[in-house]
Each structure stands twice: as structure tokens, then as C-alpha cells.
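Report on one structure; see the data block that follows.
Letters A, B and C mark the chains in the order given here, with residues in each chain numbered from 1 onward.
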Amino acid sequence: QDSLKEQRSTLIKTNNTFLDYVDINLLLRSSLDIPLGGDAPPAAIRMKEMRFEVRGDLPTIPLAYRLRFRLNRTSEQRAFDNAPGAIDIALVDYQFGKRKNWVVSVGKQAAYVGSWEFENNPTYEYEYSEFVNNQLNLFAMGIRLGYQISPTQTVHLQVQNTFNESFDRLYELSGYNKTGRTASKLPLGLILAWQGKFFGDKLQTFYSGNLSQVAKNEVNQSLVLGHKWNLKSFTGYLDLHTSNFGVDYVNIASPSINNYRNNPVRTYASDINYKAAILRLNYEFVPRFFLTAKFFFETASDRKDNTIGKNFRDNIGLLGGLEFQPIKSQNMRMFGYFFNNQKKYHGVVGAANPDISSNMVSLGFFYFVNVL
Amino acid sequence: QDSLKEQRSTLIKTNNTFLDYVDINLLLRSSLDIPLGGDAPPAAIRMKEMRFEVRGDLPTIPLAYRLRFRLNRTSEQRAFDNAPGAIDIALVDYQFGKRKNWVVSVGKQAAYVGSWEFENNPTYEYEYSEFVNNQLNLFAMGIRLGYQISPTQTVHLQVQNTFNESFDRLYELSGYNKTGRTASKLPLGLILAWQGKFFGDKLQTFYSGNLSQVAKNEVNQSLVLGHKWNLKSFTGYLDLHTSNFGVDYVNIASPSINNYRNNPVRTYASDINYKAAILRLNYEFVPRFFLTAKFFFETASDRKDNTIGKNFRDNIGLLGGLEFQPIKSQNMRMFGYFFNNQKKYHGVVGAANPDISSNMVSLGFFYFVNVL
Amino acid sequence: QDSLKEQRSTLIKTNNTFLDYVDINLLLRSSLDIPLGGDAPPAAIRMKEMRFEVRGDLPTIPLAYRLRFRLNRTSEQRAFDNAPGAIDIALVDYQFGKRKNWVVSVGKQAAYVGSWEFENNPTYEYEYSEFVNNQLNLFAMGIRLGYQISPTQTVHLQVQNTFNESFDRLYELSGYNKTGRTASKLPLGLILAWQGKFFGDKLQTFYSGNLSQVAKNEVNQSLVLGHKWNLKSFTGYLDLHTSNFGVDYVNIASPSINNYRNNPVRTYASDINYKAAILRLNYEFVPRFFLTAKFFFETASDRKDNTIGKNFRDNIGLLGGLEFQPIKSQNMRMFGYFFNNQKKYHGVVGAANPDISSNMVSLGFFYFVNVL
């Protein structure tokens, strides 16, 4: 049903079946989005997702390649990695070892973090947390080494560019002051991940730890614990994460701290911690009719400045929707959902930043077309 | 010969044959364009058309998809509809009803207006009227419902974004003053169309009416009457249209009115009417040799301001050319044509705007490649 | 092994075998690039090459088409030729004549100059000379006529746009003053080329001469002599060229002359000659292990201003590397190389321009995937 999810969660299967597919997929989601409220922007029919995927293997050789493009993003290369935002994935997998239980993946690839929200095919994920939207460097040039411990257990080590833009360009884009910080000579990140399957694949775990740097001597760390269940008519996931950013280059909390400090020299905040819980629930209450819900709660804390303190900023999302699948064999659904998003500020930061709440109704359809 | 035209003009065929094709097409046209006259720009060899099309159906399921890309346009998404200019078409067709004579098409799609000029495959259409180039929102996110009345008659209802840019962005791009106008909350357009075939498909009609809005309380209407004939060695079309724009967001007539009013605050003109007649003639005078001609006459009128009055601006095009098809089975032709274009201004507007005339000779070739 | 090279160097084969292929290829090269030295920029994992190619023929008809895209370049069209930088090649080949030994190629195509460096598939070429990077208009709209003299000899005549940008846009992009120069009305270039094979294809020659203009009455000429050898475990090429630019629109030497003249009105220099020798050596010293080296020496001279004189600017490149091909049948290699590049200025120009030297170590892999 979800070949993307399938592949990544079962990356290394048993011997010699690892690379036994060729696939061309088209990922479509469109909707009429109607923002609610007096000051809300006009409604519009929008192309929410439009991606194209080709993956292939070489029949007798342990090599596979995979390409995925976002058809509604520019293909202009970024100066830092010479790759465009339009390319999600452009990698080659090479399987090796006596029992072929090692695999190395080289090229542009997804960050291998324990987020089932990100793992889920984007066709099916209506609204993302800030963790996926802003914190992760989702697709980056890198290399990943995977090892199959047992039929249900794999471990992975990934090295990737921490950001797809250079240190200098990050400051250029944000307009912030460097405040004496300099670029790291090796701005790479390291991800260690473990995937497990339990109870006959009814429960899947995906845990990861991450170390990275952008500025010299400023380290970022994160820990992500993902859990997914797949029961008969009830599926879902729960992702938990915590991240410490020596420098808040992901720029989620910095604008509100800059507003509070009211310093004409705006910059990235230091020593920020983000925590989040992200929950998705899908329930087929009548054949081909689904209730779906998503809830995320994300909070930011300042680890050094006690005046700002803990949980000074929350990002809360609540989504409830209904889906109808007209043709059993096809991953095509019509849907309607309501989404409420709140950004709340507390304490001294709250005094300088008004809370924001937005509501939207969306009516549309998605279709994961397996062209070939 | 013209699969695009084919498909759109016979959208709903008889039961169960509606979705019986898979096609990959490449649309190419290149030419050496030589502008004539002392002040004319330099000659250049130009890529006039370069599009790629994939369309497929699902063998036993009444679903089809169609994608068409312009390979020489940016794939960067627009903020309003999140779709790029490079995507002409990205739609899914779903056929339903007891006799499968209903079809719904969702996604980015061609405006379903009665213009055979626009219907014609762009490979074969050398120079366009301002009606197609500037007035129509050719490709937009939307939904279309079609119903087959009889083997030769279909009706269609389409809802689409009126423009692919937001109200605010339209003003940003033109640099005009909003003069108190505000955005509509639901900037959608509605098109009702009817297609008919007569005399064993020798004559095809395509009539449409359109209602849309962009600014609050400012409605645009249009009526388009298209006629196409297909005789043994003589083919062609005649399109007639009239449009009333409450606000001239298509910006064809506004520059000349701004010049006349000479007001430092430039803006979109109000209450403009456009009328046009567009005629194309193709004649195979010797096997594989074709004479082709195109004539368009378009005129703009101000419906409120009598000082400006009727027909204050004309756009006249005259094209005559010769085509040679070296291989009977291939839609490849070498061509040469002469094109004269005149923009004429009359009355008070004419006093403030000089007439413009341009001439061009073009030598080239086109090829509609049916790759698969 | 190298289908690109194959095709171009043996463009016209014997009768009826000319168009006997269909191919889909993917060209990938990625590496971790580590600039060396105190002021060097940070290391990064980079997408060095990412191209996609489709070529096909029509079974019983002497027509073929070929498309090649750079997937990490913008597909936005340039105003001058209406083609994007993302499209390398988009052409149609038509074979004709009684013995089918004539071929005409129309559309966007590679400049047909005697450069084996440029001829070599970009997957395999790590670092380019300024001749390929800056002097040649590598891919341009044009038309080429080829004639097969004998099984080992072909001649070619090509007409192409001299640049892909207009005269005015060239000045806009460089910010230079026009100093009274005006655009040519026919800014086209003419290339005459000859290819030969000797000693059972062990030696291949590719010689070309070029005439072009951009500004009125300012002619550019070049002569390129390419030699390639293909012995059992030792392959390589040696390209020699000399070019006279009436106006230095390729802008390699002009910045240093502008620095020397120190005139606030900066412009393109006049009457520049470039000479270069480019040598590549590949040696398979153990099965599947390769030593590779590349050396280029390029020099610029002022043909009129004796104060500046001969060889006032050198561009020197030196590359040494090691390659490993893990799977004999696949054009995939892991590699590591060291590259030193020096730009040296001499005489009066040298006094105003400091020499520049840069060093880099690169570790990566490339893969020319023959998908179909």
C-alpha cells in the first residue's frame, strides 16, 4: 500500500530479495483550502503534493537506484551542495558482505531519523509538525551504511550535510548578525538509527540519535523515538523527540526571542531545546471509510537563560478528518479535514509575542499512482 | 494525428472505450526567427515549444491520469496554488455512473473554453491571439464534471482558480495601485461548456460561458463560440468571443488607458469589453505540402467611459505559411511563415499611444513525437 | 561503455544501422569535496553531476531523437533562445540520401568542436579546463549537417547561436559598459568539423574550425585539434586549441585587464587570443583499478596592446587520482583525487592581479546507469 514506507522500514530484507523490484510512482494530492476567520487569506485550489518516483534494481547485481522529484519545486542547484530542492532522493544502494546483509547508500537521501511522521508517504500526510517542516534537514547529500542484525532488526549509520545551504548563506537568508560565530570546517551530521519489528510486524520501532554542527564548536544533538502500529482496521504512530541546538539555526524559536530582547542586532538564539509528541490515528470504521486524526504538541525551552526559561513557546496542531476510498485496490481517497494550529508564547517571551491561532477546512483528493 | 485535440474533443466516448490508451508524447518546435525592419531585434534560433506528456489508464478500473510539462519553464511553485508554470496538466479522470457516462477530472487542467485555437496542439499553433496569450487562465487547478448526452454531444462544468497568482501578487507584479479594491474570499471561476459533432464529425462546435471574480464584487463574464471543420484536404477553425471584465486584470487594455489618463497613480482599468474573431485555414494543395493561414482581429472597448468609447484598441495578426511533411506517417513538418502583428489605438487613447507594427519571417520544423 | 561518446564519434555508421538503439541513461557523480588551506571554504558532500538522457529511434523510419537534461539546473527559459540551461540536448536526427549517408540534426545540441574533453561523458570528467567551462557555448540551438565520406571519415557543418543570451543581456550580466558596440543582426556561429579513425579505431581525430559573431563587425575564430587513443589498458586524449576573440565576451581575461587598466568604465577586452593544451591519461594498472591524471595549461595574450603582451594570464590544472570499479559490467567507480588549480598573471597585468592557487581532495563515486 505504501511503497515508500515499506521500503524504508524494511530496508534490508532477507538475502537476495532485497533488490527485487522496479517501480514508477506518481504522488498527487490536491485540495480546495478554505481558511476560516475574518482576516484569513482567500480560498484557493492548491496542488498540495506532486512528486514523481523511479526506483530500479539490476537483476543479477546487488545494485539499486532510487530517484524522487518534487515536481512543484525549482530544480536550480544550491551553491553549497550543487543539488536542487526539487530532488528529494537520488541514491544508489550497493549490497555487500558474504550474506549480503550490509548495504551502503550514496547520494541525496532522506534523513534516517526515527520519525514515522516523516517516514509516512507525503501523499498521506496532510499537515506536518515543525519538527518535520523546520527542524530536520529532510533530504541531504550523504552516505548511509545499514546492517541487518536479524530478520526483524536493522541498524544504520548515516553521514549527511547538516544543512543544504552554507553557513554564510544561512545568515544571508535570515538577515541575522553572525555575532562572532564562524563556520565549521566540516559541517556534517551523524545519525545512528535502529529499527525493530515486534509481534509479527504489528509494532515497529524506529529510534535515532543525531550529532551535527554548523558553526565551529557548536554542537546540536537530538534523540527521536518513533513507534508505529498496524492493526486490522486501526493504524497510527507516536513519535517523541528532544533536541538541543547549540545555535538555533532551524530558526523556530529565534524570532520570538529576538522580539522579546528587542535588540536591533537580531541573531540565532543559543542553547535552545525542543521537545515534541506527534500522534496520528487512522480508523476504518466502515469498509473504505476512514476517520483520521493527528495531534502534535511541540515546545521550546531556553537551556541557559532562566528569564526565558522552559516551554516559552508551544506549537499545537489538531487535525480531524474523514476519508473515502472509492476503489479498494487504488490508493486514491477523497477527503475532508479541519485543522487548527496554535502558536502560544509564555512568560517574558509571551509578553512580546501575541499568540496566533489559525483554522482551515480542506476538501480534496489524493492518489498514489503506481504507474508501473 | 493530434492526440491532444482528439482527447479533449471526444472526451467521453462510448462505454468502456473511454480510457483505452497509454501515451508518451514529446512536442517540439524550433525555428530561426528573423524579425524584419531597422529597429528589429537580432535573429535567433529559438526553442518555440518543448513539452512532454504522459497519459495512462488503469486497465480494468475507470481511472486515468494525464501529465503535461513545459520543459522550458521554471518548476518553482507559485505561492497561491503551490503549482509551477512548468506543469500544464496534472489530472486524474474518474468515470462513473451506471453507463459510465459521467466523468470527473481533478487537478491542474486546461480551461475548458470554446477555443479551437487553444484546443489545437501547441506544436501546430505558430502564433497566438491575445485571447489565448493573455485573457485565458489556460492551465489552472480545478475540477471538471463531464456528462455524455449522446454519442455526439457532451456538456461540462468546470470550477478553477480565476488566476494562478493571488490578488495581492497581481498588483505587485503590475506595480499598479489597488485604488481601494479588496480581494474576493472565493476567487474561483465557473465554466459551462457544450461540445457537439455534426455531419459525421466534419463540423465540431465548442461553446462556453464563463463567470469569475478576483476582486470583491467585481465579476468577469465571457462567451466563446468555437467552430472547427475537418474536410478531406481542407481543415480550419473559426473562434468568436466576447468578454466583459469588471476589472481588467488581464491587463491588455490598461497600459494604453493609463497612458491616456496620464495619472501618476496607474491601475487596472474598469469595465472593459474584448471581442475577437480568430480564423485558421489549412489546405493540402499537393500531397504532403500544406498552405496555412491565420488571421485574428481583436478589439477592446470601454463600457462606461464614453470619451474612450468603443474599439479604442485593435490587435490584428496575419500569418501565411508553407509546410512540408517529409514522412507521411510522422507529425513532423518543415515550415516557413511570415507574420505581421499590429496594435492600433483610436480616438483619445490613440492620441496617447503610437501604433505598433512588427514583421517576422520564421523558418523551422516541428515534430509531435509519439514516443510510446 | 560510454554511449554518449560512442554516438558522437561514430555519428554516421553504415547504412540502416545508424538508428538502431533506444536508451535511457542516468549520469550520477557525488563526492565529499575537501578544500585544503587556511582560507579554504568548508567541506561539503556535493552532487557533482546529475543528468538524465533519453534517446530513441523509429524502427523503420530514418528518424531519431535525443534528450538530455541536467537535473540540477533551472528549467526557466532564457529570453534569447527560449530554452533553459537544464536542457543540454533536445534534437531530432533525420537521415537522408540514397545511401543514407547524410544526416541533419535540428534542435538544441552540443557544439561540434574537436574537444575530446567535452566529448567525454561528463560523468567521467572530474574537473574541466576554462576552454570547456567558459569559452565554448557547449549546448545551443542550432542545426548540423553530417556526411559520411568513408567508414572511418565524417565531416560536419553546424550553425548555432553564438551565445544563449542576447548581446544586451551579456552586458547586463557582466555590468560592463558597451563602449559604443552594437549587436550583430545575425549572432550565429559556424563550425566545420572532421572526424577520423585510424589503426582500427586505436586513434581518433576530431578537428574543427569555428567562426562566430556577437557584436557587429567583430568576428571570433577558433581552431581545435583533438586526438584520442584507446589502447588495451591505456586510454587518453590530447586537445590543442587556439582562439581569437575580437571581443572577449567569454570574459576569462577581461577582469584582469580591467584591474590593470583601473578605468572606472569596465568592459570586455578586445583582440584576445587564448591557447590551450589539455591532456588526460587513464591506466588500468590492476584489473578494475585505474590511475587517472589530467593536466591543462591555458594562456591568454593581447594581440594588439603590446604593453599587456603575450601570455599575460595562465590557467594551470593538475589532477591525479585513483579509481576502483567494483563490478566489471557496471560503469560505477569509487574514486579519490587531488586537484591543484593555479591562475597566474604576468607583466603589467601581473602587477595588478595576485596569483591564485587552490587545492582540493575529493572522495566519491560515479555511476553511469543504463536504465534501459
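Heads up, the rule we're going with is that a residue touches a chain if its C-beta (ideal position, glycine included) is under 8 Å from a C-beta of that chain, and two chains touch if they have at least 3 such contacts.
Because the structure is predicted, anything quoted here is derived from the model rather than measured.
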{"item": "Arrangement of touching chains [line / ring / star / complete / other]", "value": "complete"}
{"item": "Between subunit A and its twin subunit C, rotation from the CA superposition, multiple of 5 degrees", "value": "120"}
{"item": "Interface sides of subunit B and subunit C: same vs different residues, half threshold", "value": "different"}
{"item": "Approximate Å spacing (C-alpha centroids) for the pair subunit B, subunit C", "value": "40"}
{"item": "Set of subunit A residues in contact with two or more other chains", "value": "74-76, 86"}
{"item": "Of all residues in subunit C, those that touch subunit B in their complex", "value": "56, 58, 61, 63, 65, 67, 69, 74-77, 80-84, 86-87, 90, 92, 94, 106-108, 140-143, 159-161, 166-167, 183-188"}
{"item": "Interfacial residue positions of subunit A with respect to subunit B in the complex", "value": "26, 28, 30, 41-48, 50, 71-76, 86, 326-327, 329-330, 332, 365, 367, 369, 371"}
